[in-house]
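Per-chain numbering from 1; labels A, B, C and D assigned in written order.
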Amino acid sequence: MPDPTYTKTELMICVAARLFEDASTCFIGTGIPMLAAMLASKTSAPNLVPVFEFGGLGALLEELPRAVGEARTFHKALAASGICDTMETAQRGFIDYGFLGGAQIDPYGNLNSIVIGDHDHPKARLPGSGGGNDVGSHSWRTVAIMQHDTRRFVQKLDFITTPGFLSGPGAREAAGLPRGTGPIAVVSTLALMDYDPVTCRMRLKATHPGVTIEEVVANTGFELIIPDKIDANLAPSAEELRLLREEIDPEKLYI
Amino acid sequence: MAVMEGEWRVLESGRGELIQPFDLDEFREWNRTKKTRKLTDKRMSEQEAISRFVYDGCYIGTELYGTVRCPMSLARELVRQGKKNLRVCGQGVLELDLWLSAGLVKKLDITYIGLEVYGTSSALRRAVESGQVVTCVEWSNGAISWRMKAAAMGVPFLPTRSMLGTDTFHYSAAKLVADPFTGAIVALLPALILDVALIHVHRADQYGNAQIEGISGFSAEMARAAKRLIISAEEIVSTDEIRKYPERTIIPYYLVDAVVHAPYGSHPGEMAYIYGRDEPEIKAWVEASKTAEGAQAYLDKFVLGVKDHFEYLKLIGEDKLKACVELREKRY
Amino acid sequence: MAVMEGEWRVLESGRGELIQPFDLDEFREWNRTKKTRKLTDKRMSEQEAISRFVYDGCYIGTELYGTVRCPMSLARELVRQGKKNLRVCGQGVLELDLWLSAGLVKKLDITYIGLEVYGTSSALRRAVESGQVVTCVEWSNGAISWRMKAAAMGVPFLPTRSMLGTDTFHYSAAKLVADPFTGAIVALLPALILDVALIHVHRADQYGNAQIEGISGFSAEMARAAKRLIISAEEIVSTDEIRKYPERTIIPYYLVDAVVHAPYGSHPGEMAYIYGRDEPEIKAWVEASKTAEGAQAYLDKFVLGVKDHFEYLKLIGEDKLKACVELREKRY
Amino acid sequence: MPDPTYTKTELMICVAARLFEDASTCFIGTGIPMLAAMLASKTSAPNLVPVFEFGGLGALLEELPRAVGEARTFHKALAASGICDTMETAQRGFIDYGFLGGAQIDPYGNLNSIVIGDHDHPKARLPGSGGGNDVGSHSWRTVAIMQHDTRRFVQKLDFITTPGFLSGPGAREAAGLPRGTGPIAVVSTLALMDYDPVTCRMRLKATHPGVTIEEVVANTGFELIIPDKIDANLAPSAEELRLLREEIDPEKLYI
């Protein structure tokens, strides 16, 4: 029996965790991606190879890291080098997945984490690219994890920080980005999205329990492709929730 | 074989300002004349190091990253001395927040300034949205590290496939060219030579030979890309100890201008294998920094209100520091 | 933003052949599909490693340098298997001498092949002057290392101020351009992606996580620049041992295709902190290699005349090996 | 009293050793430069910082290295990194001196160590540049150490491996080489040479004991500048010889 007390964030983490492929190399950013990676490594992806941009590779995720450079990112790791080595490893094609956040996402999966409003006279200055642009440029596949509302899912970004499909089919390759790379999914608080292979536009793939298609559409600031067949994401299992609450984030930093 | 500047066909140039122009031959000359090869005792206090080597308007950077092996005792001393109009590169958490809140930063080569798990930086927002920081040039974490790596290699640029196709490129000072071997498009990242770099390490000898445990972040690159380098170290060791494991020297002495003995130098951040994060003290800044007044009160108490790093540690108190040591990462 | 090849203005191109053309996207695809991220046991014998991963005509390189931490047991096995038409990069002492004498090398990206203290290499002279080696493309030691570093970084080229103004440049495959930021002239070194690399290390686990003591030579760069990587190791250690000091992993497992346990794998060369040079055995090659017949006799005895590395060690004898251990470099 | 039994090689090593500046960083190649560096560090340059291209920096030269990568090049060293770091250190201007050998040298101090005859159909294939070209490109000052005869001191090299002054004044800078760098001396078996600051051509500076100017000229395959005043190099001192023979090269690898 699923535990009905789960939160939207817990659900989002569980749906994201299920996307991790076992024995793959994954760039893990601060926050939700860390919880998802840790949950995945305790469930379906025990051989996951987490990569943290400042040098940790193949750490055992026994405790939740709270920053991308802290000791837990290289706890019993296979290697601990530096950011250049890690980013070059990605540039060389060794990183399978990147898990990213952002303040805004557009229909092509481009992300903004730099500024709301005009760059030089911003309404809101956001933290910046960090490793986001690098992760989105070099990882084979990227997954965005986002709160779902119309301020975040927008037709046009105020600033393209991290490349999704840029302006659409072929645009990544034309810009010089590595062949065959790009976003594959968005996990939000409402649903799981993927991308239409022809148009490269975002497409609803599966709704979360209790969420209607209309709710997803109403919270999306651009035209989302709604295919005929839409899956339903499973609610967090009791075991997923137990792991999240007792082992992964007992201090409730995120959940 | 005289060549006109720009004779290479550049496909596109980022519109961002190159806020720290570089001259490799001038850097070489600096490295020849201002960096002694003698083994001289470079130990000094935070006060002396900051006052001798940091100056108003200089281009400065800190390694690693806010709450992790970050030269916090140097960052706080810089605030006490009120060095201003700083041009600053890269990523930051607490350390750049302090400088921004103290109104010391004029221009940024920015990659990320935020509070990690605690979200966005109010200090950054206030400083940029008010126009106090007059310029933000955008880069990715990889790009800024490679810019230092270019300087460290002694070359004018490094190519990358980062930043392509995005506004991150458009608001940077990178240039787009085609690789003459294959025709592939790459961004060229200009070398970044810092006026001053601050790096915190696990141990160093009196001459500056420095060793780091765990991830090395961008210490090797930044140390080699800086005209002045201030090292703070948890522990000062003998040179015999350095000579025993020479492969662990990540920063050789000739790069170093000052060696500051700073136990708990990364507090409230962590130092792998020595102490863990001081979460309550980090949260204290997160809360205080939400308003300008709160930030000022924090600065008044924890930075301006203490004379030096040792007074700061006394203010924090031995019990809290011991608790951090308990939380340290261990080698099994 | 489609770009014609060569739209960059190149001031001058070296006339040397790019004997190993590169395609970064193809390398990425290789690294995606042919290099497992799984922790799999990769231990195998020299015979198996060479026969599975080295092939006629491949572009191959060895690290470090002849008599120093050099994968000699792999080099000898390659001769036993007679892999031919090799294209080879870089510097070499004994190991390349063996291949040259056995007539296995067709093209060279050459930086230095000689006998160090004992002077020039007769094997090289015979092979090049006779036309058996059909092409020598010239590079400096720095340049060839940076070419591997370019591949390791995943970029098409690196700039350098080496080789400028000399025939070394003219007989290389580098290109001369002006830096678009400052107008300075630099040489662009094309990325070098090896088909196979052989590296000898102090210790590795069964998956290939490898650690080296003392200087690292160009191991980090070569390991990352190769499509197939065979590691030989003095010692096989547990993965727990690797995880205890992750900062010492210079070659992570996913780069590695084969792990060969090869005690005394660098003999007659040295392995810092484990054994020193076997000077009499080195001199034996120096003398033997002065003539083609002498070289063949050496090969017959020490390479073709033994079945594998363990037979080779038996031929050398325990006493000599023990004497080498006595001569090892020590940590004080 | 100087020991009259010294050899030409011993003398050459002593003259070279006296050129080392104390507390300077010096690139040391295999062979004679190693002996000279070791002798210097035991006499006039106790704070010499030897740099070996494959990564050794600041070693204590207690035993003679026999190769540029072997353990004695990082014996009790201050740092042991790799060739890229070392060469980049040079490219950044941190290496004061480079000590080089070669098969041929021309009036501008250019060196050949690649080929005698035509490159593609050589009379003699030599070892190659090795680190020579890098050392000659990036070190502030380079010193060549050579046997002195007309086959080695030639008007025109068969191949310019390592840059001296190239074609003369201003040529290094025009080629893009770092400003202010270049050769400063040649130590041969007959004499010490430097370079005329105006023409950048090789100039006799001091003859070895018992060597006449005529002998130097006769063994030089190009017009050597002979200034009015020529110094005389001192013979090896008894202590220099003792150090060389007993401490530095007791196995007589070189001397």
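The definition used in the following text is that contacts are C-beta pairs under 8 Å (C-beta built on N, C-alpha and C of every residue); 3 or more make two chains touch, one makes a residue touch a chain.
Worth saying up front: this structure is predicted, and the values here are computed from it rather than measured.
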Shortest path length from subunit A to subunit D (each step joins two touching chains): 2
Averaged-CA centre spacing for the pair subunit D and subunit C, given as whole angstrom: 28
Centre-of-Cα separation between subunit C and subunit B, whole angstrom: 36
Interchain centroid distance [CA atoms averaged], subunit A/subunit C, Å: 40
Subunit D residues counted as touching two or more neighbouring chains: 56, 74, 76, 80-81, 84, 90-91, 138, 174-176, 178
Residues of subunit C engaged with two or more neighbouring chains: 1, 24, 153-155, 160-161, 184-186, 214-216, 244, 246-247, 332
Category of the chain touch graph - line, ring, star, complete, other: other
Pairs of chains, among all present, that meet the touch criterion: A-B, A-C, B-C, B-D, C-D
Of all residues in subunit A, those that touch subunit C in their complex: 23-25, 47, 49, 56-58, 60, 74, 76-81, 84, 88-94, 96, 138, 140, 174-176, 178-180
Subunit B residues within the subunit A interface of the complex: 64-69, 91, 93, 110-114, 116-117, 120-121, 124-125, 128-129, 131, 136, 138-143, 145-146, 149, 160-168, 171, 176, 184-187, 214-221, 270, 272-273, 276-277, 328-329, 332
Residues on subunit C engaged by subunit A in the complex (per definition of touch): 1-2, 24-25, 27-32, 35-39, 151-155, 209, 224, 239, 242-244, 246-247, 249, 252-254
Subunit C-touching residues of subunit D, taken from the complex the two chains share: 30-31, 52-56, 66-76, 80-84, 87, 90-91, 110, 114, 119, 121-134, 137-138, 159-163, 166, 171-172, 174-178, 253-254
Complex contact set, residues of subunit B against subunit C: 1, 3-11, 18, 22-24, 153-161, 175, 177-186, 188, 190-191, 212-216, 240, 244-247, 331-332
